[in-house]
Amino acid sequence: MSRIDGRTPQQLRPVTIERGWSKHAEGSVLVSFGDTKVLCNASVTEGVPRWRKGSGEGWVTAEYAMLPRATNTRGDRESVKGRIGGRTHEISRLIGRSLRAVIDYKALGENTVVLDCDVLQADGGTRTAAITGAYVALADAVAWAQARKLIKANRKPLTGTVSAVSVGIVDGTPLLDLRYEEDVRADTDMNVVCTGDGRFVEVQGTAEAEPFARDELNTLLDLATAGCTELAELQRKALDATLER
Amino acid sequence: MSRIDGRTPQQLRPVTIERGWSKHAEGSVLVSFGDTKVLCNASVTEGVPRWRKGSGEGWVTAEYAMLPRATNTRGDRESVKGRIGGRTHEISRLIGRSLRAVIDYKALGENTVVLDCDVLQADGGTRTAAITGAYVALADAVAWAQARKLIKANRKPLTGTVSAVSVGIVDGTPLLDLRYEEDVRADTDMNVVCTGDGRFVEVQGTAEAEPFARDELNTLLDLATAGCTELAELQRKALDATLER
Amino acid sequence: MSRIDGRTPQQLRPVTIERGWSKHAEGSVLVSFGDTKVLCNASVTEGVPRWRKGSGEGWVTAEYAMLPRATNTRGDRESVKGRIGGRTHEISRLIGRSLRAVIDYKALGENTVVLDCDVLQADGGTRTAAITGAYVALADAVAWAQARKLIKANRKPLTGTVSAVSVGIVDGTPLLDLRYEEDVRADTDMNVVCTGDGRFVEVQGTAEAEPFARDELNTLLDLATAGCTELAELQRKALDATLER
Amino acid sequence: MSRIDGRTPQQLRPVTIERGWSKHAEGSVLVSFGDTKVLCNASVTEGVPRWRKGSGEGWVTAEYAMLPRATNTRGDRESVKGRIGGRTHEISRLIGRSLRAVIDYKALGENTVVLDCDVLQADGGTRTAAITGAYVALADAVAWAQARKLIKANRKPLTGTVSAVSVGIVDGTPLLDLRYEEDVRADTDMNVVCTGDGRFVEVQGTAEAEPFARDELNTLLDLATAGCTELAELQRKALDATLER
Amino acid sequence: MSRIDGRTPQQLRPVTIERGWSKHAEGSVLVSFGDTKVLCNASVTEGVPRWRKGSGEGWVTAEYAMLPRATNTRGDRESVKGRIGGRTHEISRLIGRSLRAVIDYKALGENTVVLDCDVLQADGGTRTAAITGAYVALADAVAWAQARKLIKANRKPLTGTVSAVSVGIVDGTPLLDLRYEEDVRADTDMNVVCTGDGRFVEVQGTAEAEPFARDELNTLLDLATAGCTELAELQRKALDATLER
Amino acid sequence: MSRIDGRTPQQLRPVTIERGWSKHAEGSVLVSFGDTKVLCNASVTEGVPRWRKGSGEGWVTAEYAMLPRATNTRGDRESVKGRIGGRTHEISRLIGRSLRAVIDYKALGENTVVLDCDVLQADGGTRTAAITGAYVALADAVAWAQARKLIKANRKPLTGTVSAVSVGIVDGTPLLDLRYEEDVRADTDMNVVCTGDGRFVEVQGTAEAEPFARDELNTLLDLATAGCTELAELQRKALDATLER
């Protein structure tokens, strides 16, 4: 089977990770997975939420949103509707958990990092692109905080790296990194978040139409693990470059 | 390792499935997994949401909520706060997707079933108890609709059965069906939704502290699959009894 | 006239008061007036709302709600609608006022008791069942707080008992404790809250169709007073039993 | 006992009923009970809410609100808070029910009258002033609708008149029409809504501090009935004048 | 061209400024520009919003609203809708900014004045009437605060006076102080806020249909400046009278 | 006086207008005024809001928003707060009115264009950049609709062009196109919206500290008019290029 854009089933879309996109944020990354573009801004503030005060530990959280016309047809703004939808909540929580999995709260000290992941253009895989880009923005924000002595120089708040990718079974074929047209046709759809050393942070598999068997699950996990390894390498390369502020 | 309540790692808590709990609902089940008690009411209405009208297909959806004092400390009511939290949204969506995985929309016809899953008492595993109980309430509601000719007699809206269980790794030991005290201490926490024939509808694994490796994932999936099989058997038994209306 | 369920006009429905229903709450009562079932949970917290701090006085408040399928047709959740309806507000306030009428704030000390009254199944008289059950939950919560020395042993925060019942005129006949079918047919509908010594805490009479005369009001008050006396006796008996925690 | 403003216990405050206050509303009354001033505007629209369409019957409803500085200290606007408080809900519902008690829906035809009762200045008894004034505005609105043939000439949508007054026991003395300073000191507080022929539409008595006995209730009802009779006479006089439009 | 009400193009409607309208507010003015009537209540509280604490400076803010039936057809209450509309926000902010332009925060000390401008009846120019009346209420509130020593006797919190008027081009003719019927027909509509010494605080001109040229803008500004001068004189006269409290 | 970035008082910041930024929107422009970057997406839908149906006329509206970290310190999301702020409302309305000033509704036919203006990075003048960019996106959307025959080929829905710029007086010097640092120090701040032929659509001048005199207003209008003329030329050039879809 040949994919819409000519990729092999095991192939990621072209991925770009542009650091320092916004001049205001302490970490700012425009990440693209093909036509999916997400702006990930990391904001550092001294102090932590009230329930954590005095613990000596920091906090990391995330908010995900889509611009109204990020998608093919315009969606109503959640600010105008006056409430946040379930999908938005769910993805914001997923991004936050994924990043916290590689954070040493003690080393972070009583500082908070908020990751804003705003989808400027959507073509499938917005949550996995967001996690992958947000990790890089977080790394820049941590470096910024260390340069300003908010975090002690000898501390390592990041215990690893984290990236994410979607996989799914379309017409019986397991595919990596689904575009929107593939996603809507998938029988099974899975988002996998891995650390750079190949372990899992999140595995979320959903049978869209037909329940899936154990061996299908295994094939998808193989595919996702390989994809995440590739993304981790791209993150490493992006972070190797010097960021001018 | 011996568990708080003396269970073996592979053992479910005592499960009860009480049908016909409320006199009003078309399907009404009080399900308990140990001290976790969830009232699952299925409401049948003729017609479907606007976006589905004229399709000849039905719809199944779910709403999950907790009573304020279902937990050890009182939580604020979401009706009083004026907004539904992310966790509530997430679980409501999970229950809905899980049940729709065994529904033949065509056979259901243009009818809607809403599953209200209200947690009366919580002790871990509320979402998995909710799915397991809601399936039975759904089955009763479908039978009610067929008795009243809302659904044609020769149609089979249910294409299978569905049940769910939580698994997790606590102090290095994989455990089935976690109580609250176990859940908060788990390194990895997974909710698995299976069909009666052993396939997966949802697999949601989260590293609470330490990322998990592929073989840990495999052990947890084995445990969950066995647990779901047991639950499917309990559902079958409960449904075998005659329900007086 | 014979009533739907064969009762005499002066007869209460079968009333049950089940203490210790939930394991978490400091006071937990499942009360039933016939098919009306209300779960009344009392939560004790040290401290009082900000406007009462430093007064040395406690506070008691209540929240009433209905499960969506407590009634014959499903109602939308107030949490989903994002706002609490007028009826819910009104009944929550009534329950709170009724309980506060028998509270000595000084004796309670700076502690707060919140009564959650959740209607699991409705068949008329949900607010009167809620008040009657909530009083018993409150008594258990006060005893719990005294056992834990939150309240001094020699203090008596409860200055009396309180119970409530509905009365109404249906087809010209004054009836006690209306079921739903009776309630919708009533010309006049009254809720009466009494103390154990036969005085009034609240009298709320409403002409649903035809205005009512003074002598009709008197007949209804006689009926209600007798009903409340009977309920006070049932509360006393329920509280005489030993509650295992 | 002499009252703050020199009234006898059985005496109303000076009452004024000014018709045609606003040029826009179909019925517009500025009512004052002493320093309590409420603007009651009746708006007539053809048609009824969806649930009543095709019934041939009309609808009457009311909304009550207070200007932020109607009271001694400024209250936050409910529009700014984004939610309506329980007290507002409760009073709006009371006014609506009271007026509907004297409406013949069939005679009204499929027309809706909304009564907006906005408290411009508060000094106790705002709900009873609102009901008393709203009745007059409603009568003007009905007359307007009949003049414009929205209601047939030979129909009588108003089946009687309705007025309301507060009563209470202050320092052991039963008093009619309480001012704010009296209201806050009252042990028992009752709002009574009567028809012009002396029957009851609503009786709402609340023990603010001490429960009240049956004979106290009787004394208060006597006081309230006499007060309502006087108010009905004032309404009649106000309506006897010709209203220029 | 002759105007609907016989005014010349340069003529204001009859303006009345009634001080001391409400007994509760520290400054209370009922202002009318023809049939437009706005109740402006100024509330003084000691202290300032959190972001200003310790600055030694005060704060002045405003909230504008319309009664539902202030207009020809009834509008829904913003409290019922649960959100404030853009127009309300915009006008509230305009009134606040206009008054702050003549406030010396240091002289005011750490006190807050809130101006509530509630439109009781609308016939065009509600925001300009509100500003003109609110200034007078603010002056009375400042005097009240000085009499009570909240503000030091030798301080002058008011650095000038402020008034406002609308102007517009209707059928090619520039008109002062538009009534509603004129406003809806205007091609260009401008609201101008001036200080008593003839300078501008706000100039807000909007092309409703046709863009406007520089010379039209100049003509409108001339008209508005003259109107504001007249209003400043009326404010001065109103404040010259002694206010009994 | 030399400006922070070396500009003369009469000089615009570097302006870029990038068409076709998003692949989904019918018109998509990324506009920058120096470091202010606004993404303007125009969405075309057939049909109009209910109140306009059957009129044969179209509708154009706009929504403005800021990403949380578009500014120097992170702002809370309005979707999370559950309500839109006054500033957002005000600017959305301004953009909508400005664009409607150059629209012939009849020629547009019963089509709706929504302009979403999302500020990705803010450095002063976000509303004026948004109007300037949104006009270009609107022009592209109209061309798209004509190519698809939603609008008849011989119709001209755009009756002119529209652009906007801010001006202000900083330390006594009138400046064009203020950066954020200039804006916060300005005594007077004005936003001016002009058509391509030099007439005014909106003039909004605000005295931030000191009221401004007529001659200052005139100087600012001269400056703004020249700035808008330059922007109109840049819009024309941008639109002259061929847009590949």
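A, B, C, D, E and F label the chains in the order they appear, each numbered from 1.
The rule we apply is simple: a residue touches a chain if its C-beta (ideal position, glycine included) is under 8 Å from a C-beta of that chain, and two chains touch if they have at least 3 such contacts.
Nothing here was measured: the structure is a model prediction, and the numbers come from that model.
Minimum number of contact steps separating chain C from chain F: 3.
Here the repeat of A-F among E-F, C-D or D-E is D-E, since over half of its contact pairs match by residue number. Computed centre separation for the pair chain B/chain D is 51 angstrom, with centres defined by C-alpha atoms. Mean C-alpha positions place chain B and chain C at a centre distance of 33 Å.
Looking at chain D, one finds that residues 82-84 touch two or more other chains. Remark: chain C residues 83-87, 89-90, 92-93, 97, 101, 160, 190, 194-195, 197, 199-207, 211-214, 217, 221, 225 touch chain D in the complex. Chain contact summary for the complex, chain D toward chain E: residues 22-25, 28, 35, 39, 41, 43, 45, 63, 65, 67-74, 77-80, 82-84, 88, 114, 116, 118, 120-122.
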